[in-house]
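Scrolling down, you'll hit the structures one after another.
Here subunit A shows up in two complexes: once beside subunit B, once beside subunit C.
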Partner chain A sequence: MDRLTMSARAPTQNRTSGMAEAAEVLAGPRWLRAAALAGVAVYGALPLCATALYSLATVWRRKPLPDSYTLQWWASTLTDPVFLAAIGRSITIALLTVVAVNLVVLPPLYWSHIANRRIRPLLEACALIPFVLPGVVMAAGINRFVGLWPLTAQLQATPTLLLLAIVATSFPIYLWAVDGSLRAANVIALWEAATVHGAGPWRTLRRVVVPSIRHGLAAGSLLVFASAMGELALARLITGSAFETLPLWQLRQLRGTDANPNGMAVSSLLSLAMLFAFSFAIVLGNRGRVAQIAPTAAKD
Partner chain B sequence: MAVFENPVGRRYGRRRGPFARLVADWAVVLPFTLAIAWLLIGPAANIVVDSLRDSQGDLTSLNWRDVVANPLTRRAIVTSIVIGVTIASLTAVIGVPLAWCVSRLTIGNRSLAAAALNVAANIPATSLVFGFAAAFGGAGMVTLALRTVWADAPTLNIYSPTGLVCIFLYFHVPLFALLVLPAMGAVSEDLWEAASVCGAGTVRFWWRIGLPVLAPFVLAGWILMFVWAIGQYGVPLALGGTEATLNLMTLRIGDLIQSVGSNNRFGRAACLSLLLIVLSVGALWLYRSLLRRALRWIA
Partner chain C sequence: MPEVRVEHLRKTFGRTTALGNINLSVSDGELLALLGPSGCGKTTLLRCIAGLTRPDSGSVFLGSRDVTEDPSRTRDVGMVFQGYALFPTMTAAENVGFPLEARRWPRGAVAERISEMLALVGLEHIAARYPHELSGGQQQRVALARALAGKPKVLLLDEPLSALDAMTRTTLRDEIRRIQLKVGMTALYVTHDQAEALAVADRVGVMDHGRLVEVGSPADVYLRPRHRFTAGFLGGRTMLALAVGSDGRVRWGGALATSVPWPSGTPVIVAVTPEAVRLDAVSGVEGRIVLVSFRGGTTRLQIETELGEIAADVASSETERYPSGRTVRLAVAADLVQVFRADENGVDDVSDAH
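Right after this comes the complex of A and B.
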């Protein structure tokens, strides 16, 4: 499994000088590679720059740059009660999702490593479902299915159901990130050592395993938080405008009759800043590794 | 095999019956399994049932006939698949050289590049669409800048299928690059040295060794990109896709669920959903069998 994790290790480290030369020839001209990366970086940065300028522009007509700059959009958006309510809902949902995913996924994953290996295929198979099924299909299916019985029908179109749906569809990314770090921490050896010293399995999890996989837990939780914050399909089809989350608010700024592109730019920059902070935190915290983003076929 | 013993039983030093053992082994996975069964498996199974039922609950094939007969849904299916194939192919063509360049960076730079790719791969749909409109739209920054040097510069209509492809590429290419990045190590210096000792040039090396080693990974990535592209809902929605401009399966499903009045709309939505499920599951099966073969090369 670990072989397909996003690794920042060099393909061959400690090369001899002959190998270094071979590597240089194999890799291709340095200037060409640098130019390609620079081109991609510029293309990637253009929409972000335009968004940043939009959030600061007074008027922007017929010139490549805004006429003049102002902080008024930042002030008005950050004090807009509707926007603050939307971002509050999104943060609440995302935090609850992180808590729920940790509570529901970590224990069986830990158990699959130390006690019952047959849980693993089950966890992996379940993680593939939301990985391939489009969000719009999940949203349609969940809302319909819950409405089949009187007992659960009252959940239909509620924020609770939205939370449950987001938990069920965002856990795979957590599972893969934490699974990799459990293996890297050699959890079986940790558990055996702790057992010899008389600790039970749950005490071991709390006192030994969780501290030693904290980077993996943090990476998984951040990824789940970010994906829950950006969830659009489920929010639109399960609750709709009755429970306006940040993406739904943004959608209204983009398309609605009261569209507000400058406010949209401000909120967009906030989302992007969060994403940048999370991505770089994960990479730095994991010593250069980005968490695994897809399942592998290796059976182990 | 000490690992597989039940630690609870060992701790208290007594043997347990088979039932108690079963509970101890599986109880911890129960909440997870129930949640998945209720929130993922049940709804997916219900989609199959819904697609074959009319509003009274009787068995019917009318939904499927409606989906096939209605030019709107038929076109949506075709458009979705064409866009999926286009995105997957363009992504592979751009993504492989990109992943190669990133894989040959020094360690520190590679981490930064991977983090940047991760940002682009996870960018929220609304932010992305707004950023594209602000940069490449009719009154966008790049468009305006182009106009100052070339008055009749052609503009990209981001609300057209071409525009959709450009926007999809923005996050599909980084996703693909991150997926195939580990595979780039399989084309190693050892292989290159062995090949050049045997007299192979660069072209011959790539044609006979490099590309065959990478091919299964690239193909597996192609399949995943296809699945993700046909399942996209956020970006087309944020673009304001209507029946006339952007007609995709996912948008049709969303419209059918939210529209009121039209008959057997849930049935038709279920048919389209089932089509997406079948395409995705088939692709996933291909993806896993391909990767299983490909992993032989990463020791």
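Right after this comes the complex of A and C.
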């Protein structure tokens, strides 16, 4: 009787351990997985830690850690009126870009979903241009283009032109983020339900569509904000030192007679902290759900 | 005065004819079901009436008004969609109030109408919940309340129950009918489920390949189909290919003999309902039972004969007598079959059997 039970149990045991083994082979041994994860973490964290240390270092020479520490760079950078003006310009430009992109891109994108599919290829082609053309080329092109007519030539080297250029080059990420969430929200079905029950396109956008895709709008806006904050090539070639944005200021800290690389480290950490705070606010607003960027299959 | 009238409606998508010259009218307070297989054009017809799809030609009238060129939002219809299409960021009450808000009802009237509608569908207690907090059946009730809230001229239902489980489907089906009768609403109900169509409708319109094949009462289209397609689509009939004999009768061995007014040699299709097949007949044709499926009160047998498989129903109490594999002798009750000419595709080629 005992032997019978034993032999009946043995194959089951074999099978379970066999399956576990197969899983083990696929995923690699536990230590290897842990090591891989740690490697990725170090790869991501090391530059951040180094920047943080550098922003606190007095001198740092040929040693793993700085010679000694100081808050001097933080204090001097945060009180430097030139730096504050630069970061102020960047934030203003980035916020205006977010507003402009929302006003300019959302309506046609919505329209392409509910009414006219034919404008989609046009939107997508426009969205590809900033990706295939280097920033320097676009900046040069924009400068020459506005120089063609006396009226537009007045825009040359103005912050307004810089804003327009950044809007034109940073909207694709917004377009893709919001396009995905429009699809995921099944906007066509929502539009049909709204219009059959008496609502026009504008009321539907305001009351039904925008609330349904607010996570995508937030994610898209954040990406546009980050990209506008970091825009260097356009700022350098369109306005240059006449309108010094944060990246231009940072570039100046790396070379020249008044270079201040420690201040550059401080400013990098500041903009990173700002973006992190915004992302965190969005995640909180989503009640912990990660904002959806990629389109997902519509739920049936 | 018919509430909904459709005249010469045509719509093609590329090379597919979704609607080929549809004429239809639904009278005041009537529920008409549009029944047909998927792709027959029934949803396209509904969407043309709703204004969501633009017909290539033809007219749509709601009451006395020609709305063919009107946008959907001014047509004054209520619609229940297949996937509910509730607004996910609004509560049940806000969803029901949406059509009223969109049509600028005064605030007090909106609140009153919302509670009236939620009471009608029995959902007062979940007014403050969001769609994702509701079951499928509750969501569909909210959708029905929303469709009726604005007091539309006509209620359009597009496969309203297809996403629900069988139990909820039956309950909700009967409830939709009760509410429609209570409100006295003119309604069009699109479905591919014949049981659903026959149960809720005053009249059933059978559609196939963009044509409205026939319209009649549920009993008419089920028991006395006038078109071969209807006969094949409803009632689980077996279609037998036979020919008119020299004596002007259609015969199937000793199992069936029925007179038709057509010349000898005319190919015909005989539509046989499962109830018309008698087993263990004295004279008849032989067949072998190949499949037995229990259906509640009756059990359906698939019997292999010289003409192919034929479906027959027996009372479930007699199932033991008909095990799979048994050979039976079967006959067909001539007064329960329809005979159609097989060489013409017309609608009126049916012969009353006798």
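Some notes on this structure:
What we mean here is this: the second predicted complex is superposed on the first by the 233 of 300 C-alpha atoms of A that agree within 3 Å, B and C clash if a C-alpha of one lies under 4 Å from a C-alpha of the other, contacts with A are read in each partner's own complex, and residues count from 1 in each chain.
Note that a contact is a pair of C-beta atoms (placed from the backbone, for glycine too) under 8 Å apart; a residue touches a chain by one contact, two chains touch by 3 or more.
Given the structure is predicted, the values throughout are model-derived calculations rather than measurements.
Of the two partner chains, neither subunit B nor subunit C is touched by A:Val59. In the superposed model, A:Ala193 lies in contact with subunit C only, and not with subunit B. Using the contact criterion defined above for the overlaid structures, shared-chain residue A:Val167 touches subunit B, although it does not reach subunit C. Once the two complexes are overlaid on the shared chain, A:Leu151 sits clear of subunit B and of subunit C alike.
In the superposition on chain A, contact is made by A:Ala226 with subunit B only, not with subunit C. With both structures placed on the common chain, the touch criterion links A:Leu71 to neither subunit B nor subunit C. More residues of subunit A lie in touch with B than with the remaining chain of the pair subunit B and subunit C. Using the contact criterion defined above for the overlaid structures, shared-chain residue A:Leu275 touches subunit B, although it does not reach subunit C.
On subunit A, the surface touched by subunit B in one complex and the surface touched by subunit C in the other have residues 192, 195, 200 in common. Residues of subunit C that touch subunit A in their complex: 50-52, 71-75, 77-79, 81, 83, 85-90, 98-99, 101-103, 146-147, 150, 163.
For subunit A in complex with subunit B, the residues that touch the partner chain are 3-12, 15, 19, 22-23, 25-28, 33, 36-37, 40-41, 44, 46-51, 53-54, 60, 62-65, 104-105, 107-108, 111-112, 114-119, 122-123, 126, 128-145, 148, 164-165, 167-169, 188, 191-192, 195, 200-201, 226-227, 229-230, 232-233, 236-237, 240, 247, 250-251, 254-255, 261, 264-265, 268, 271-272, 275-276, 279-280, 282-284, 288-290, 293-299.
Across the complex, subunit A is touched by residues 2-4, 6-8, 10-11, 25-26, 28-29, 31-33, 35-36, 39-44, 46-47, 50, 97-98, 100-108, 110-132, 134-136, 139-142, 144-145, 147-148, 170, 173-175, 178-179, 181-182, 184-185, 187-190, 192-193, 196, 202, 224, 227, 230-234, 237-238, 240, 250, 253-254, 257-258, 266, 269-270, 273, 276-277, 280-281, 283-284, 287-292, 294-295, 298 of subunit B.
Chain contact summary for the complex, subunit A toward subunit C: residues 185-186, 189-190, 192-200, 203, 207-208, 211-212, 300.
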